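Chain lettering (A, B, C and D) follows the sequence in which the chains are written, and residue indices restart at 1 in each chain.
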Amino acid sequence: MQVNEQLSKDFILSIDSLTVSFDGFKAVNDLSLYVDENEIRVIIGPNGAGKTTVLDLICGRTKATSGSIRFDGLELTKMREHEIVHAGVGRKFQNPSIYEDLTVFENLELSFPKGRSVFGALTFRRDREVIERVEEVAEMIFLKDHLHTDAAILSHGQKQWLEIGMLLIQKPRLLMLDEPVAGMSVAERIKTAELLNTITRNQSVIVIEHDMKFVEDIAHRVTVLHQGKVLSEGSMERVKHDPRVVEVYLGH
Amino acid sequence: MIGDYTYSEFFSILAMQGFAGLILFSVFVLMALGLAIIFGQMGVINMAHGEFMILGAYVTYLCSTLVTTYLPAFFPYYFFLAMALAFVASFSLGVLVEWVLIRHLYRRPLDTLLATWGLSLVLQQFYRSVFGAREVGVTLPDWMMGSVSVSETIEVPLNGLFVMALTMIIALGVYFIMYRSSWGKRVRAVVQNRVMAGAVGINTKMVDRMTFGLGCGIAGIAGSAFTMIGSTGPTAGQLYIVDTFLVVVFGGAGSLIGTIASAFTISQAQSTMEFFLSGSMAKVLTLLTVVGILMLRPQGLFSLNIRR
Amino acid sequence: MSDETPSSSMNISRRSLLAGAASIPLLAAFNSVASAQGLPTAVVNTTGLAVTDTTVKVGILHSVTGTMAISETGSVQAEKLAIEQINATGGILGRKIEVIQEDGGSDWPTFAEKAKKLLVEDKVASVFGCWTSASRKAVLPVFEQYNGMLYYPTFYEGLEESPNVIYTGQEATQQILAGIDWVVKEKGAKSFYLLGSDYIWPRTSNKIARKHIEKKGLEVVGEEYYPLGHTQFNSVINKIKLKKPDVIYAIIVGGSNVAFYKQLKAAGIDMTKEKPLLLTISVTEDEILGIGGENMVGAYASMKYFQSLPNDNNKAFVAAFKKMWGDNIVIGDVTQAAYLGPWLWKAAVEKAGSFDIDKVRTASPGIELTTAPEGYVKIHENHHLWSKTRIGHARADGQYDLVYETKDLMEPNPFPEGYQ
Amino acid sequence: MPAAGFLFSKKEWLYFTILAALLLVVMPLAVDVFRLNLIGKYLTYAFVAIGLVLLWGGGGILSLGQGIFFGLGGYCMAMFLKLEASTPAATKIQSTPGIPDFMDWNQITALPSWWQPFYSLTFTIVAIILVPSFFAFVIGAAMFKRRVGGVYFAIITQAVAAILTILIIGQQGYTGGVNGITDLRTLHGWDIRTDSAKLILYFVNALLLIGVLLLAQSVRISKFGRLLIAMRDREDRVRFSGYDVANFKIFIFCLAAAISAIGGAMFTLQVGFMSPSFVGIVPSIEMVIFAAVGGRLSLFGAIYGALLVNAAKTTFSESFPELWLFAMGGLFIAVVMAFPFGLAGVVKDHVEPFFAKALARFSKPSPEPQPQAAE
């Protein structure tokens, strides 16, 4: 693939010279990043490289000091969190973030994109469409048999899947996953990789991950962050042999 | 306003009001420092803070009574002893309370609020049972009352000076303890990362207990000092609680400098408004302004822009 | 609580009686009383009150808990003392008084509730109680609805005249007018600074004071109010210093008092120099306990009673009070007014020859008490007391020296024309 | 009732029936009008407690200023009743007849314009709901939009309660000051002070409470209710599932305020006056304890909590006035330390298993599916 070709295409997400500073410390420094439709992009980098902060910036959790994030023609830096979600950006947190007091079914149902206003939530009815969609997603995330289990008693891996499922049910066009296989068994990792490969048929995915084996399994392209900047970008093969990357990782 | 006064009078107004504001400022700092440590550093809402202050006041009262009876010669100086004892008493009670109640409630700040409110009721009734429902009068040595006249119209109350000096000493003391001593380093380490601090060998439980005790102890000293300007009764502590919390929250929890800055701002605003308006309206306007600003800037005056 | 007084402190009361009731002319031989006044219960009680052949129940309704307990304790003590003395002299119409005490808990609906309980369930023949205006306002509809009798001891703002209440304290004009006249005449006061806690009594009183001052062509240079419990008075003290009034007229109550007087002293205003002079209507000997006599010395108070009054009635009363409640106790204006309640009721009942509320009410106006510690008092048609206004000068030991008293009794005037 | 099957589970319907029977049948039969009126007063606090269960138990938002809304509701009602009690005929001795007595004492010579609409009962009823809701909306919008929550919210609501109290006391010409608005007599000519009126008011109050309970339950079982729980646990997750979290919080805060205000209005009607002592900090915190004792998650608990604590207060302060504060303080501490879910928790953990066991033993021979009741 040629760089020029990329520029001429419409990216689903284009980040231009994004900077955020916390009391003078630039966690993300003049960063630019472009993601294609239906691409799985993995971001790697040492601790403190600014990976999670980039996701926070995209989904509106942190406000940028300067720069722009364009998603599907919308300027995300000016939008509030729920508007960004409505635009089609879904985000999974580093630690599984699910509603432990509710059942799997209820977890998924709450994420179903209907009745999102106060009034809508008060008059929301659990109709056939909702039930079918919940069951469909539950099947994808291997939790069909646990629909009425309290989420609190799921295994760690199952919780991770549940959170992915909660995103899938919204049919986002960009899915951002922060360490989706952390704490999973080998078998669970394989299943997760499989899951991600299935779902990207319809959406773009940004993944932050440390597990290199897993990264190789899923990544279309890899971006390496270091000190808030892009250090290297390209296929897994290319990045692996980039001397700067090697130095950062080994020198760390 | 200036139309009513001559220039020299106007100058006196400025000077005396500035001084009244400074006294109020000292009072606020004294009230709020203990709470700022407990709330800011530990995240515990201590609604019984006022009752810890009143404990200090009652200790001072006991001291004054005992010294008058048994050691009248010592009377002019008893106040220093009283303050020390007030600290010890409040500190001890604080440590006890931490051990019995608070340590079970870390990470449940709203529950500490309810439990300490309960504690405040118990303490109030305790004071009432022991000292009676009436306010008690604390007799002060003569040298602490009265004033120094600077000019014909400007007079500086001695107890105001005393409170200001005390505030300065305590604020400096707290600064040294929290930011210059190894113990303070440990406290801050625990605040920032409890697990890590524990892992490097800090006895986090002991740090919690001593921090809580210190906050309460300072409240005790404040209560002791307030016998000079306020009343000592079973329910007097409740009068302070809203003001105190507002000062701490307005300053930005976790920041001692913020607490001091906020005490300064609120006290100057209040004493200025009290001069130009009548008392009740000044109070309402001050509180409204503080609440209004907090609504616009919930993190308070001073707070770090931290990444979440 | 209800039977605490008769059982537990009977011994004390007998002793206190010997000291205290010696001056009371109503004292009669114990045994003869019942037969002399032994009217049948069916006659003296036609409305189903809790009156038997040997006893009559009354209620005491004050705050024993909460913020007002501080102030109301003295009233409870005074009422209990009066009742014991009455019992020791044979009771009323041959019947011993039994007390049912209820706690208002410093909470106004609780007052209303307990008032209703006393009237409806206990059917007491009379209630002695309430202290704050708010509590009185809360119980007033109850007393009017169930036709009870309340003896209310506190000096208050007036603007009220209920057929179901006897006001044994002063309404505002009785406390204020003569006091101001005195400072104007004796001390040559020309300008006043009015100061008060922010609620109805200080506001109404200051209003009356202001009208009275302005009628004399004198000047009010400042008037302001601080929330109850306020403790910072430096700003207002500065204002006072600048305005240089001849008189600070202070109606501050509760804990604020302590803060105010301490800060006043610390700011270099020595009240003994009377520049300015301080006149208060809210600081009784009770309050001085908390303020500290040394901080109050030199102030003037305008009341109707001081513990130091030199008459014989008062000496006996103070002795009996101390015997019953301890030597360290002090007695303020309201405490004395509370003490009058049971005696006034007794006199009215005896005059009516009945415990019936309506008859007692009809009998009440004109009732005189020559044995009152404050001296002679008399119930006015408007259910307030005729009483003298007195000026006291605060001493360092927390007592007042009497420096002036009105020659005649002041007429109570709860709705003063021209002062509203 | 078509929604009947959904609103409660079988077990909860049983509780509901017990509660309704207790309030509407047992209490009125068991006690005299005087006590019933007292119970009616306690029940007005139960409105606040129900609001707190929604707000605090449901949404994790602790407000220490519910007295504000209770008071506002009560004052709206009191203003209407006071105007009705202040006819020119009844107030002819005043210098300005026809205005409330306390205004006359404060030299106010004409009814302030903002009092005027309270001549209308319809307006008053609307105001009882809307005024507190509007207040809650302003406070809530300012705070929740800026993500102020938890402790800060608690402290600021407390400060607002303090401000309102000082204002009401300070503006006595317009509000009746510290005495409040007293001596209320009739509602559209109907004397509310008679025993029969008190009986009727008790039933109105109890029915309203049951209505509010059903309303609150319907909110709880809606998706909105589940979202509240979700927000309490993982606010960020809810936000990043596309919900404007602040709006939900504002709504529940307004709802809790409106419910408290109904309680306040009923309080005024039953007690016959309203004063600033129900607005301030102390009553507001006491109202929290009603919800906490009942169980902060349980609507039924809220009602029992309010009843129990107040009944205890009355009895305790009658027999042991000195001990009352010790007991009350101890209650706060115990609820936090030992029974975080209050009465409802105790019932769930101890009483229900006991009955389930007893029931199972009793019904062994019969094939009826009894245990379902205790699922």
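Details
The rule we apply is simple: a contact is a pair of C-beta atoms (placed from the backbone, for glycine too) under 8 Å apart; a residue touches a chain by one contact, two chains touch by 3 or more.
Every value quoted in this text rests on a predicted model; they were computed, and no experiment measured them.
Note: the chain lying farthest from subunit D is A, by mean C-alpha position.
With centres computed from CA atoms alone, D is the chain lying nearest the middle of all the protein shown.
Computed centre separation for the pair subunit B/subunit C is 37 angstrom, with centres defined by C-alpha atoms. Distance between chain centres (mean CA atoms), subunit A to subunit C: 76 Å.
Within subunit C, residues 198, 225, 227 each touch two or more of the remaining chains.
Chain contacts: subunit D has residues 166, 169-170, 322, 324-325 touching two or more partner chains. For subunit A, residues touching at least two other chains, in rising order: 61. Per the touch definition, subunit D reaches subunit B in the complex via residues 62, 64, 142-143, 146-148, 150-152, 154-156, 158-160, 162-163, 166-167, 169-170, 281-282, 285, 288-289, 292, 322-326, 328-333, 335-337, 340.
The part of subunit B that touches subunit C in the complex is made up of residues 5, 9, 12-13, 16-17, 19-20, 23-24, 27, 128, 133-139, 145-147, 149, 153, 155, 157-160, 226, 228-233, 235-236, 239, 270-271, 274-275, 278-280, 282-283. Residues 66-67, 69-70, 73, 198, 223-227, 229-232, 234-239, 241-242, 254-259, 262-263, 265-268, 286, 288-295 of subunit C are the ones that touch subunit B when the two sit in their complex.
Across the complex, subunit D meets subunit A through its residues 219, 222-224, 226-227, 229-230, 233-234, 236-245, 247-248, 251.
Residues 59, 61, 80-82, 85-86, 90-91, 93, 97-102, 106, 109-111, 113, 115-118, 121-124, 163, 166, 170 of subunit A are the ones touching subunit D in the complex.
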